[in-house]
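Please read the structure below before turning to the comments.
Think of it as A, B and C in the order they're written, each chain with its own count starting at 1.
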Amino acid sequence: MAENVIEVRKVDKFYGTGSIRTQVLFDVSLGFERGSFNSIIGASGSGKTTLLNILGTLDLPSKGEVLIDGERTDGLTKNQLAKLRNETIGFVFQFHYLLPEYTALENVLLPVTIRKGRPDQGDVKRAEELMELVGIFNVKDNLATNMSGGQQQRTAVARALINEPKIVLADEPTGNLDSESTATIYQRFRYINATLGTTFIIVTHDRRIAEQTDRIVGVKDGRIDMDVKK
Amino acid sequence: MVSFGIALRFLRSNKVQTILIVLGIAVGVSVQVFVGSLVTSLQGSLVDAAVGSSSQVTISPDENNTVIEDWEPMVPSLEGISQINAISVSADSPSFLRDGSRTLSVLVRGLQFEKADNIYNLEEATYEGSWPTIPGEVLIGKELSETLAVGVGDDIQVTTPAGQNLTMVVSGLFDLNVRVINENWILTTLSYAQGIFGFGEAITSIETQVDDVFQADVVAQEVRELFADRPVEVTDWKAENAQLLSGLESQSFSSIIIQTFVLASVVIAIASILAIKVLQRSRQIGILKAMGITDRDASLIFIYEGTMLGALGATLGALLGLTLIWAFTTFTAQPDGTSVLSITAEPTFVILSAGIAILAAAVASAIPARKSSKLSPIEVIRNG
Amino acid sequence: MDEQFAHFKSLLDREDREGAVNYVIGLLQRDEVDIITLYEQIIGPAINEMVCSIDGKWCIWKEHVRTSIAATVLGCCYPFVMKERRERHAGDRGKVIIACPPEEYHELGARMVADLFTLCGHEVTFIGANTPNLEVATAVELMSPRYLAISVSNSYNLFAAERTISSVRRSVNEKPLTIIVGGSAFERNPNAWREIGADRLARTFVDIDGLEEG
């Protein structure tokens, strides 16, 4: 059995304190194999986004553990976690969250800049290749504010991939895109999964994406409802 | 380094905001430089006018004595004190001047003219005739000459306290810019005065000037300790001019108040603007953190922004302040070419002002920096 | 058998509708094969193994063409289904409704299952692909069948199937109803039938035939 590259064990998540506490996740245990291509589906408010954020160390579980490559994350320092988020995990959010002060190319290179201060030629080349892959090479020198929504989202996809992370976590990455862009992005994800062995976990409402992943995890009312393989 | 690059980009991307802040800081710094230099120069002029041409630290016989004996070794000792830059000994005594039926009180002062010149600018003050060379020759003041209606070459009749009647010849006239002095002092050679007053080789005072007039009291103390075993007392101009001093001090004080408020407004301006920037940029900071920027680097962004704004503003402000000083000096020129008040800007003061502004900017950015450090990516993402 | 399968498959791959129909009808007329073997070992596998060979990329349009051919073939088999039923002297085994969950468009499997149920003697109502939950529930309520068979090919539709089953269970109160599920989705997820609330999983004709025995 292949090892789990990312995993949560017995995770509870509460919001609020005292008498106005709501529980969003109930005893969730879930692991994903290295190199797998997965989706998480569920209704709004089911807890799937919270689960994804906890998987990606952006949020902390109230109880339970998160393991990445077999190592628990609760033992890591803030800086080690930052390093993890920079090198091992790539995020694609529903909203692009590009920095408006930078061009598309610079945005894509930001994780590299954070990692080593100054991207070198090899990094720029890799960024350009990724942008070519997602089809935004022609706007690479545009300021982030000077692109269409679809182009911005694709820039965010390229940015998530620039450090060649082991795991890509995507939260409704095609939520604001038309069907053509959606199909393109999906194809790119699959290509990268096939060539680089990157593990993908995609939270989505879009059945076109979900039904083309290899494993679909259903979340309902904060619990894992069903876990099906395609 | 990544923080610096991001800070620079943030500043460049919103040029209007950046320029406004820099201008704000510049105005503050320029006010500080100008006002500070103005007050300092004013004080300098005032003090110079008050005590620039008089003794600043004076050694005189103590209450039990009338003269200072064996004074020669004292001079080299005084020369050993670095602050002292002029030493002049004198043998003085009040006397009476007979002018027809009336009698005027005068002070006859026996001086070493070259030495005394260092203190009193006698060379400049002497506007007619020349200094006394032979015994009996005297220099009298402008107002006295007018009162007596005597000029160079004329005689005056002086009676010593001992009752001796002497005829003295006016060799020159002086104007020391103080009416009382011009009316009362009669200047002659040291040896002649010692002779007519029966001082022998003794003198009645040693007058000195110091480099930093505001340190006169410190120097006086040094001199006091130097001559502790002699029957002398040491006074300084500060002790003798308490009112002037308190006036100067309150001026300094108000200047410092102004500068403090200016500084405070600079700090508040930077802090509030940066606080807003953190708020405006919280999304970007959250994303950067999701991408793996450390808390420290995130906070450094704002420290760099604040410091750069401070540096730009301080430099601009210093230049602006110096320009103001130049303009003031140039455009208040009087017909004779000199200006009403010549302000000099001391380099150390300008650099210090700029430096404090930059430091204040860095400190002002500390709170926004802390906020940025504490921001968690999940807050930003959750709240869209 | 392998030969027959190979032949039929090649006809399907060549998208030869006429050839496929003639071949299958020929086999049935000459009694060279029975319906069960035909469905489970020839037509069924041929449909499941549909692969497009243009650059190794899956072409949806080709799948539709071949599916349509298979559907025509199945339609032409129906007289033989009825014939085999008569020969079996299959008794009356109760009503069965056959449907696919919403968004499930692959109904060939359900079609074949419907014929197999018919063979066994059930009274079959075939609703087919993409049936809204409430419609299934209404049909069950009105017809009071003994069985409800739900076919799921795409694993994604297991979630929808779960919702269909809960809709049905909510509306059916007293009358006994056995919910059976089947389809390629369950090949990859053998325990899913329990998770979605079904009573039985039916994979082969033997399973279908053995239903009455409990």
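Keep this in mind: a contact is a pair of C-beta atoms (placed from the backbone, for glycine too) under 8 Å apart; a residue touches a chain by one contact, two chains touch by 3 or more.
Please read all numbers here as calculations on a predicted model, not as lab measurements.
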Point to revise | Chain-contact steps, minimal, separating chain C from chain B | key: 2
Check your understanding: Going by CA means, which chain is nearest the middle of everything shown?
Key -> A
Practice item. Could you please state the distance in Å, as a whole number, between where the Cα atoms of chain B are centred and where those of chain C are centred? Key: 105
Point to revise | Averaged-CA centre spacing for the pair chain C and chain A, given as whole angstrom | key: 39
Check your understanding: So how far apart, in whole Å, are chain A and chain B when each is placed at the average of its C-alpha atoms?
Key -> 68
Check your understanding: How about chain B: which of its residues touch chain A in the complex?
Key -> 1-2, 5, 9-10, 12-13, 283-284, 286-297, 376-378, 381, 384
Exercise for review: Please give the residue numbers of chain C that touch chain A in the complex, ascending.
Suggested key: 103, 154-159, 162, 185, 188-189, 192, 195-196
Study note, to complete from the structure: Per the touch rule above, chain A residues touching chain B in the complex are 53, 56, 58-59, 78-79, 82-87, 91, 93, 95, 97-102, 110-111, 113-115, 117-118, 159
**Study point:** Residues of chain A defined as touching chain C within the complex
**Key:** 41, 207, 210-211, 216, 218, 225-226, 228-230
